[in-house]
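The structure appears right after this line, and notes come after that.
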Amino acid sequence: MSSPNLRALLQAVQNGQMPIEAALGELDKQGPEENLGFAAVDHARAARQGFPEVIFGAGKTPEQTAGIAQSLAARGSTVLATRVSRAAFEATKKVLPGAIWHETARCLVVPGADSPRLEGRAGVLCAGTSDLPVADEAAVTLQTMGVEVFRANDIGVAGLHRLLGRLDDIKQCRALIVVAGMEGALPSVVAGLVSVPVVAVPTSVGYGAAFGGLAALLGMLNSCANGVAVVNIDNGFGAAAFVASMMRSS
Amino acid sequence: MSSPNLRALLQAVQNGQMPIEAALGELDKQGPEENLGFAAVDHARAARQGFPEVIFGAGKTPEQTAGIAQSLAARGSTVLATRVSRAAFEATKKVLPGAIWHETARCLVVPGADSPRLEGRAGVLCAGTSDLPVADEAAVTLQTMGVEVFRANDIGVAGLHRLLGRLDDIKQCRALIVVAGMEGALPSVVAGLVSVPVVAVPTSVGYGAAFGGLAALLGMLNSCANGVAVVNIDNGFGAAAFVASMMRSS
Amino acid sequence: MSSPNLRALLQAVQNGQMPIEAALGELDKQGPEENLGFAAVDHARAARQGFPEVIFGAGKTPEQTAGIAQSLAARGSTVLATRVSRAAFEATKKVLPGAIWHETARCLVVPGADSPRLEGRAGVLCAGTSDLPVADEAAVTLQTMGVEVFRANDIGVAGLHRLLGRLDDIKQCRALIVVAGMEGALPSVVAGLVSVPVVAVPTSVGYGAAFGGLAALLGMLNSCANGVAVVNIDNGFGAAAFVASMMRSS
Amino acid sequence: MSSPNLRALLQAVQNGQMPIEAALGELDKQGPEENLGFAAVDHARAARQGFPEVIFGAGKTPEQTAGIAQSLAARGSTVLATRVSRAAFEATKKVLPGAIWHETARCLVVPGADSPRLEGRAGVLCAGTSDLPVADEAAVTLQTMGVEVFRANDIGVAGLHRLLGRLDDIKQCRALIVVAGMEGALPSVVAGLVSVPVVAVPTSVGYGAAFGGLAALLGMLNSCANGVAVVNIDNGFGAAAFVASMMRSS
Amino acid sequence: MSSPNLRALLQAVQNGQMPIEAALGELDKQGPEENLGFAAVDHARAARQGFPEVIFGAGKTPEQTAGIAQSLAARGSTVLATRVSRAAFEATKKVLPGAIWHETARCLVVPGADSPRLEGRAGVLCAGTSDLPVADEAAVTLQTMGVEVFRANDIGVAGLHRLLGRLDDIKQCRALIVVAGMEGALPSVVAGLVSVPVVAVPTSVGYGAAFGGLAALLGMLNSCANGVAVVNIDNGFGAAAFVASMMRSS
Amino acid sequence: MSSPNLRALLQAVQNGQMPIEAALGELDKQGPEENLGFAAVDHARAARQGFPEVIFGAGKTPEQTAGIAQSLAARGSTVLATRVSRAAFEATKKVLPGAIWHETARCLVVPGADSPRLEGRAGVLCAGTSDLPVADEAAVTLQTMGVEVFRANDIGVAGLHRLLGRLDDIKQCRALIVVAGMEGALPSVVAGLVSVPVVAVPTSVGYGAAFGGLAALLGMLNSCANGVAVVNIDNGFGAAAFVASMMRSS
Amino acid sequence: MSSPNLRALLQAVQNGQMPIEAALGELDKQGPEENLGFAAVDHARAARQGFPEVIFGAGKTPEQTAGIAQSLAARGSTVLATRVSRAAFEATKKVLPGAIWHETARCLVVPGADSPRLEGRAGVLCAGTSDLPVADEAAVTLQTMGVEVFRANDIGVAGLHRLLGRLDDIKQCRALIVVAGMEGALPSVVAGLVSVPVVAVPTSVGYGAAFGGLAALLGMLNSCANGVAVVNIDNGFGAAAFVASMMRSS
Amino acid sequence: MSSPNLRALLQAVQNGQMPIEAALGELDKQGPEENLGFAAVDHARAARQGFPEVIFGAGKTPEQTAGIAQSLAARGSTVLATRVSRAAFEATKKVLPGAIWHETARCLVVPGADSPRLEGRAGVLCAGTSDLPVADEAAVTLQTMGVEVFRANDIGVAGLHRLLGRLDDIKQCRALIVVAGMEGALPSVVAGLVSVPVVAVPTSVGYGAAFGGLAALLGMLNSCANGVAVVNIDNGFGAAAFVASMMRSS
């Protein structure tokens, strides 16, 4: 709670406008959460960060995923869950019939009461066909968070004209998510041609000395072009959440 | 060159308004560069990316740094050079007396004809006193690129109240650069408390299993908080260039 | 055998109070073990370390696990086995009907003749729902070793108020086990807020550059907060055994 | 601030016993700090954690180290600084003539108003002569924090009788810090022989595939003996701080 | 488009010999591609690089592989797909009945209108029987690209006479692909005995500290013999594509 | 062929005692091999190294394993194959009914015409029950190569008396193979107590920061005790082959 | 010695045309070497591989470098030494006054009796000014081995037009050496635009997660473009030696 | 103390032949050591392991090295110290004038009362001139331990005839130490040609992806030849100590 608000609250207590219990309740709202035992759902996140808590499906049982989704939906929040198995989707569908399944992206969405709408278009580019699941995760996340998306697939640097031919569209985006595996050179090349920020997503596509995406990750972190920042390997969601926060902050 | 521009140029050639040599020259401007032998200075970068080429001083002789700086300044560009030794600064100062030296940041600046001014303030936070050189590099870069900067130093998670006490100022920034070494936990904690994007900069501060910044880098890439993207270890410049491109694109 | 005891024994031999065979037997008791061929069960461990040998179930056949359990139980020892498959539990249940199965924790317990009871409560905190199996292994181990446990789940740094809201309870523990995957920041933040020792357990929860728990492990080893020590990735048992030895030694 | 305290404070405000400014001040004390610009000294740490902020000297200028030391000493706190160069010691000595220099341990101490005294002795064991600086850092830290220390040097596993001959003394410690480089086997062997907790400190002593202490670190994390936790490579301070917090919490 | 060609085109536009639309079309041909949505097939590659785009089958669905193959075959191009599953082969066979399946090599080939034929023979040597799949991938690729192949299998350095006995044949090749796992010493030994270039292919054959081919890769990169260059682990295709480009360029 | 032998052969050719074809045949015997296409069986190995070629079963089809075994057995050689699947054993059993299967050791043996018998006993010690497959592979290899074996299982350093109680037997071995996973401390401790050479075998037993045996490997390479050499992770065969060559060379 | 030559030699011995000593001498020439004690100079290398032994200067004393150079020059061989310090150059200059020093390339050359001259031009491209020493080493090696060189410096992917503007010249080379640090993307982009083979040289230029050239190395090994092979980090010599062997073999 | 000896001692006590103090003294001799404070010199090592404690000079002050040397020499033991700086040699020379300095090997030797002499010759081979310091350390150690040494330098696999020409001498050794940097292929090739055991020593010679000897280490651990065991990078001493223990045990 910010200092001016705190002062106001104390004044309200002092002059009797606010009973102590109400003041305690108000202070409590700084951190409202719902304790499900296995999870402490963070209902304050939308107010604090502009979008409700997103469920990371990996390592959770279908019942846990469904339970958290229900807790969020009960307050009207938009539900987004990533890395969701078909079983978890089905468990959620039973309790939230409006749940939608994005198979390639492995994402589950339950639209909330009021969908956000942010200004400006973001581009999601990917280097190869095998990078599609990660690019789809980014695109679904952006759209669920209210960002319009431009897509360009399979435009890796081995055939540079495929990228150059789409430059006009790409330059009109306010931010770019560039997804690539193997040597991960695409973000560097794109960032050298445009003036908008590039969020690079390394993928685990490749083999041998790709070391599960490490080669692409290191390549992107060492980009010689300016305006590139990087998220975790295969983390299409993280890139999109970052871009959405950019959109919100401007 | 975008398709509509190309059509216009061809029409001008067709109807005789533009001589062939002029058209060739125009097409040439897509990639104007000055060849210094050891360097091919990219004079098109400001037009393409919003800021002139920045000199990466490491691994260059003082003469090479001074030579590139002179080539840029000759066209009125603002000169920014990072990782600059004192010797390289002095070599540059001889040919460009207006050169300014930021010692902790290891940056050299020669103000250009028209300084850019971008809207919105960026925060540069750092976890410990030993992270100051990297934070300074970020701050000098931001200011040279026209971004107003809010600073908060030594607010690492071992004494959380130091961060919490500055939250109101931090929340008013449009983007945050968060610099930390050791376990690199500060960006995660900050990102969990604000809604603006966080660009995390791992530093090589630490010892033993810090492995020269690797621990902090991995920590930041795996942040459980949303809205975090990462740049290379000790890359204060890269974080600032990314934030400046965000500011320009909105 | 300590020097005074040895002198006493030799005196007893010298003055005929103790026959040579008895003396040899006494010296033998320094290292009593039962040789099962595939295993040399260490029956001296409880005397030496305060708790009987614990069976590490991974890489053992169900028959081997059941055999060692039987050897321990035959002397009245409490049996604790970790990383136990359902098959190994069932094999053990056949020979030791009192065996209890903790499924999430993957632990098997056969209560011994006299259960230990240690003074002081230990806290087991975990950052996310996916860290529960490791936290459960720690809790089951602590309880089997006679330590009372306080639990708090899903209180990671992305929603700091969930931790802050439980601080009063946390501060009343004599030691804390803090379990986290991804960037593993929770132990640092907790240790900065309390004065009790924090045993950090990195988990393999995460993906990409989490590298199977390496990111969390490095983060915890480089904690900027004081009072943090670390055990192996996913080693809830090891953290609990350490805390129990702390409790015993005070 | 804990919930009961907060209620009391609000009641005092409500009934006029406490003016608003005083209440704000009280709330402020949650995070008292002194802002030196380059550092935000955490004066609340002793109250929160039982010992004042310790200065990590690496990467700080002599002036910065001296400045923080002065800020701490001004409030009567005991000053402990680790990884301190001779230059930093001399800079501090000028402003704090009572400063003491532990050369091998690279530690600087300025005794505070009231020295703490904790109950129980801790052992500091090291495997080889080359590990002495790390063991000394641990011992100086323990003593400064009020813990009595038992030392045993050069008792590595290549000559096991050197360890076995000191077992009686070792077993009388309440906790052990075991320092070793190369393969780092000593903590495992010690932990197999005693019932007290062992805090293992890997050192960067060794060469080739020791990889700067990585071999010892991994060995200690994978100890087959129970009751072992690990701190960062060469982190004698961290081990001692952990043991001191154990002593305080019992 | 090269400068002289561009001048000619502009002159043709200027003097009316070429309508603007035709000129735009001509400029367009720099980067002809077919957009399948999930893939942007690069039909310019044969003209640019001497061989049509090769399909990397890993991470693609059978339908995607078959679709790209069809797109290539429709223009008469030879189709080569590597890392192809049986399912992908069968999906392709349905739409392109002439598809041939090389099981050990995991390659699919559809012969094109005019098969290339390059001058000079290349050798494909492998160290052990377990390296055969990688060696076969190299051999199939070379043959599909028009290069005659000499094979020698299981001639690793543990039995040097097996290599020495084949030296005469080996020396008559214009280039050698040497495939080896484990310590990967064969390329060094071969390169020390011949004057032709050696393209080394590390394989993931081995276990333990082979780390999935890393040991062989590092060994080959550090070869003390001259004339060795290296491709990715298990990348028989890459080695063959490199050798084919050598054959084309002479 | 050694220089004196070569001179003798040339003299025999010169004076007509040896026809050219015979001389060529004699020179040929330097490297006799049988080419099976997928394998070049090295029949000279027993003469060169004291034991016939051993089949490394991993990565070979059952038919390939059986084929090489048949080729060796046809000349009366003892057949030893390691890392052999049950399927490969059964394929071999069909063509060589005398084949014996060691299940835990994953080894296949077909006794040859004359079994070797080497002087001196070797010890095979292992730290834990989970290390048994590797220790068994070493023991089967030693016995097949004619070395008598002493075994001691589950004598890891967590219960040191189990090792100390067997020291007398251990000291009577001419060489020791010491197998351990986790931190791999056993070889160091053993080597500190005996004067015979210790061949250390790290195993992949462990989890988390054991990194598949890397921790044990590094520990053994950095042993502070003298007289330790190391083989690859899980390479029981390699350790035994090394010890057998020691036995042969004395 | 090949089989037909051996038969001929034996026939010459049989029919008395060649005395035994001459035959021994002939057989000896397979491996002529000069033993300097600290070095065994391989004088057969030019005959075997097309160029005399090249001296790797690192880790040798100036006297050792000069001694080997003298041994080579005494037989009229061209001397090339890489990684040579100024001291080693001066020691060599004393005994071989014709020695030439390439400072940036750290190479020493003593022209031999007959300089080789190979057909075809090779390109040496580098991404940044800081990569010049490695590119120079490659260029000096190529020229010393008789290959004509085309150079293009500082044409990294951050300013793509610098590369595109030189494509016509680049395409006329028979092979390309592409030198780059940081993310090492240049070889991929070049290989996608040309049909000639690309030998990629990663450099240690960069910082942080560049890990001394590892990022660039991994990027190049995982290139998505065909026709790329890789040599060791900073190994300009190795790339050039490989290209020269290509030139010789065609 | 072995069981029969213990029984005898007890009988001697029982029948009064041995006073208790004498028995205690006898038991004490199991672990005689001299405590220098910074070091616990292990005077039992020669009896236990066949050679006195060897001083590892790295990380010790000159005074510490000299002190331990003096303690050993005082009992007539041969003194061997490795990794010794010139300063440490000079400090030792002052107190032990008979000290000898092997500069390249960085070893210090003080001959003891009776020099050991072991039967059988050992070979020390090295791949390149830059590996000489490590090979010299091995040779000095062997000779000091009483083993006769055969040397062959600079016989790496790039010029195989240099090795083949020395095979007759090499085969007459009872054991081989093979030292190599870069890719470390020499031990594999040697082990394929001989029947004696090969102890491989990787060196840190090389650059780039040699990673300080890691490439050679991994190569040697993965040797496809039988009869190879490995010691730490640059550990010439360790290899020699292992070979000496082999010689002693036969």
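A, B, C, D, E, F, G and H are the chain letters, set down in written order, and residue numbers restart from 1 in every chain.
The rule is short, and it goes like this: a contact is a pair of C-beta atoms (placed from the backbone, for glycine too) under 8 Å apart; a residue touches a chain by one contact, two chains touch by 3 or more.
Bear in mind that the values here come from a model prediction, so they are computed numbers and not experimental data.
Sort out for me whether A-E or B-E is joined by the greater number of C-beta contact pairs.
A-E
Taking the mean of the C-alpha atoms as each chain's centre, how many Å separate chain E from chain G?
The computed centroid separation for chain E versus chain G comes out at 25 Å.
Using mean C-alpha positions as chain centres, tell me how far chain A is from chain C in Å, no decimals.
The answer is 38 Å.
Return the distance between the CA-based centres of chain D and chain E, expressed in whole Å.
Once rounded, the distance between the two centres reads 58 Å.
Going by the contact rule already set, what residues in chain G reach two or more other chains?
3, 128, 158-160, 192-193, 208-210, 214, 217, 221-223, 226, 232-233
Considering every pair of chains, which are in touch?
So the chains that touch one another pair up as A-B, A-C, A-D, A-E, A-G, B-C, B-D, B-E, B-G, C-D, C-F, C-H, D-F, D-H, E-F, E-G, E-H, F-G, F-H, G-H.
In their complex, what parts of chain D are in touch with chain C?
2-3, 48-51, 54, 120, 167-168, 174-175, 192-197, 199, 217, 221-223, 226-233, 238-239, 241-242, 244-246, 248-250
Enumerate the contact residues on chain D facing chain F in the complex.
127-128, 156-160, 182-185, 188-189, 191-193, 206, 208-211, 214-216, 218-226
Would you tell me which residues of chain H are touching chain D in their complex?
30-33, 37-40, 42, 44-45, 53, 56, 58-60, 64, 68, 83, 202, 204, 212-214, 217, 232-235
Quick check: in the complex, which residue numbers of chain E touch chain B?
Residue positions touching the partner: 3, 6-7, 10-11, 13-14, 16, 20, 23-24, 27.
Where on chain A is chain E touching in the complex?
128-130, 132, 153-155, 158-162, 164-165, 205, 207-210
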